[in-house]
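What follows is a set of structures for review.
First subunit A sits with subunit B, and in the next complex the same chain sits with subunit C.
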Partner chain A sequence: MSGWLKAASKACALVLLVALTVAILMGATAYTPSLELRPLAEFYLESTLNVYDKSRWAAAPEAVTAMLWDYRGLDTVFESTVFILAVVGSAALFRFSEASLLSHGSKPGERLEEGLSIIVRVVTRIVFALIVALSAAIAFHGHLTPGGGFQAGSILSIAPLLAIAALSRRFVEGLGLTKNSCRALEAAGFLFIASISLLPLATVLGGLGACIIQNQQKPWLPPPGFSYPFELGPIWTGGSLILFNVAEYLAVSSGFTLLFILLALPEEFFRGLMRR
Partner chain B sequence: MIPQFVSPFLELLLAFSLTLALILAYLAIVQRDLVKAAVLSAGQSLAYAFAYFILAAPDILFAYIPVAIGIYTILLLYAISKTERFEED
Partner chain C sequence: MMELLAQAAWAYLYAMLIATAAVSIYGVVAKPNMLKKVIALTILGDTANTLFIFIGYRLGSTTPPVLTTLTPSPTDIASFVALAVDPVPQCLVITAVVINMAVTALLLFLAIQAYRLHGTLDARRLSKLRG
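Our next item is the complex of A and B:
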């Protein structure tokens, strides 16, 4: 390592130490966000849950989800299309994608012993359940709290990834997550997104004023307008937002899981198939 | 006047996490052991995730943590398991 590089890393460490010390010394200084907003942000924050003027509202307190799936819904629908096409394209590149470990190899007694040590295996089983619960909470509360379909789906896809690393691919296949079921779930999620987007357009035939990817009724469309129900009894659904979030959750998690399952085929098993 | 979005305390925390990210990225580049380099890279992602949290972007944080710390690291480790662990000159 040359001299100036050593000096630079020492300087970096010094800056780090000073920043850490001052941060600790300043302690519990409260965080107060600025009150000044740009006009666009002001518009979204004012209209997203404006119960007094429902002409431009999205019926959800989470402005980011409202922007993603309502105000800028078309962008997000096409982004989901890009993701799904990417998964389909990369899944098409794999050989022996139909191979299943479940019907091959070891006896049932050995299967329980597969993977890393027993501590890791037990902890992974506990964490697996926690990850599934957390991701479901993020997906179903996506219109109320930060997060949404994509975030929850990628968090859920960590669960089979951990299970493959700590247990084995057989465990994931035993849960029913094979190539075909993942593809079916992904296609179902995408069809769900497409039908939620197109349903308002279909109601035009019934005489309602609506446009594509519409959540709540708009003042510039001919009345009576179409809107998704934004509350079901005590449950606030945010119109189409919860439906979009759940559909995206399904599509993203199964898409990532499909890729991990295909990647995790053991090399010896793969070579055995090649020799055949 | 430039609006102040972040308080001085959080600016310091931001400086801390971004400096940490810089140092971890440098260490990941010079590291010869590829497994250690992947873990250092995950540490860099953690520092970035902290920066996202300070910048009040929880939506990005929720997507960034599973992708950059979980999926990315495990895919790198999987790729390393197919080749040699130590980088040679």
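Our next item is the complex of A and C:
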């Protein structure tokens, strides 16, 4: 009976798969890309750096970052909240007291030489520096070139992962990237995002018109008010975009580093915790 | 003739992506091992993101949605609008990628903890646990 059921369910899945594929095949022929642009995309492309009509501009030549942190800023802030909650949830699953971690052979400021062969270790150190430099460049130019806080944070978190694999977890902790410092950096990044989003609202108390997550001033508000400076001397900052990118860079990279450090703890350490 | 061929190619692309999504949904539902469920879920997320990027593609477009000058003339803006790809799907996908990674990490942490506590990753046995 159960064998028959299994065969039937497999047949059902196969029929479902074929039906879905055929349905999409027939539907997809009606949609092939053309040079036509959707009105929404046209609006974003037209107004992101429209110096002739500044009523809806974001002061950034990069339309994707302008959408991410200006036009659809509220959405991105809540998506970062999902990210933070996922990291906090993971850390809560692997919770333990700090004293027990210290007893597991790691002292602050100590960098132990262990891991793979000398060739791998030297190459890893060079690549480590390159990854950090590259990710910083991507984060700080996020409003000018393709890239931004999310991308740069993911790239930077590769550096400690590489160091854990080639050198050791203790090397990363010797650099100061311990569980608690990562957690503090992540919280600092998220607080930074929250304060940049709420700062324009503070100007409402001064009688100016402002929205939450406002980048440039909105001329249609009764007394047009606050806008982040989009040009500091020779540096184009894109208003709040550079601040948001750096804050997200901090939050994402330290969040992933925290997860990698927790995953790199040896299994017998947790076994020992559970026996107590 | 060429147009028909292009249409068929795009239809094939979409069909394959949907088929991959269907297979990964089957994996999430039918595989008893928690680790395999997580792997299927990541494949589902990546397939959805790829589909999004393809929807944002513009046939004949030559530039990414990035203006190359900080002082654009009206013709610059006009040619930018005429030739850049759709930025909306790219914007949606980049957050989705990072959130996917964080959620995958959370699920893996859950699976590891479940294995430590109960010695199994089999969903059928884990669902029978009480108290």
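Criterion: the second predicted complex is superposed on the first by the 212 of 276 C-alpha atoms of A that agree within 3 Å, B and C clash if a C-alpha of one lies under 4 Å from a C-alpha of the other, contacts with A are read in each partner's own complex, and residues count from 1 in each chain.
Criterion: a contact is a pair of C-beta atoms (placed from the backbone, for glycine too) under 8 Å apart; a residue touches a chain by one contact, two chains touch by 3 or more.
As the structure is a computational prediction, the values presented were derived from the model and not from experiment.
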Ask   = After lining up the shared chain so the two structures overlap, which partner does A:P146 touch, if you call subunit B first and subunit C second: first, second, both or neither?
value = both
Inquiry  = For A:L16 in the superposed arrangement: first (subunit B), second (subunit C), both or neither?
reply    = both
Task = Kindly classify A:A165 by the partners it touches after superposition: subunit B alone (first), subunit C alone (second), both, or neither?
result = first
Inquiry  = Is A:Y52 touching anything from subunit B or subunit C once the two structures are fitted on A? First, second, both or neither.
reply    = second
Query = Between subunit B (first) and subunit C (second), which does A:A137 come into contact with in this model arrangement: first, second, both, or neither?
reply = neither
Message = Applying the document's definition of touch, where does A:V120 land relative to subunit B and subunit C: first, second, both, or neither?
response = neither
Message = I'd like to know which partner A:G255 touches here: subunit B for first, subunit C for second, both or neither.
response = second
Query = Can A:L221 be said to touch subunit B (first), subunit C (second), both, or neither?
reply = neither
Ask   = Looking at subunit A, does subunit C or subunit B touch more of its residues?
value = C
Shared subunit A surface residues [contacts with subunit B and with subunit C] = 9, 13, 16, 20, 29, 31-34, 36, 64, 146, 148, 150-151, 154, 256, 263
Request  = Would you pull the subunit A residues touching subunit B in the complex into a rising list?
outcome  = 1, 9, 12-13, 15-16, 19-20, 22-23, 26, 29-34, 36, 64, 138, 146-148, 150-152, 154-155, 157-158, 161, 165, 256, 263-264, 267
Query = Which positions of subunit B touch subunit A when the two form their complex?
reply = 3-5, 7-10, 12-13, 15-16, 19-20, 22-23, 26, 30, 56, 58-59, 61-63, 65-67, 70-71, 74-75, 78, 82
Key: subunit A residues touching subunit C - in the complex, by the definition given at the top   = 9, 13, 16-17, 20-21, 24-25, 28-29, 31-38, 40-42, 44-46, 48-52, 61-64, 67-68, 72, 75-76, 79, 82-83, 86-87, 89-90, 93-94, 144-146, 148, 150-151, 153-154, 236, 252, 255-256, 259, 262-263, 270-271, 274
Request  = Could you pull out which subunit C residues touch subunit A in their complex?
outcome  = 6-8, 10-12, 14-15, 18-19, 22-23, 26, 30, 54, 57-61, 64-72, 74, 77, 80-81, 84, 86-88, 90-91, 94-95, 97-99, 101-103, 105-106, 108-110, 112-113, 116-117
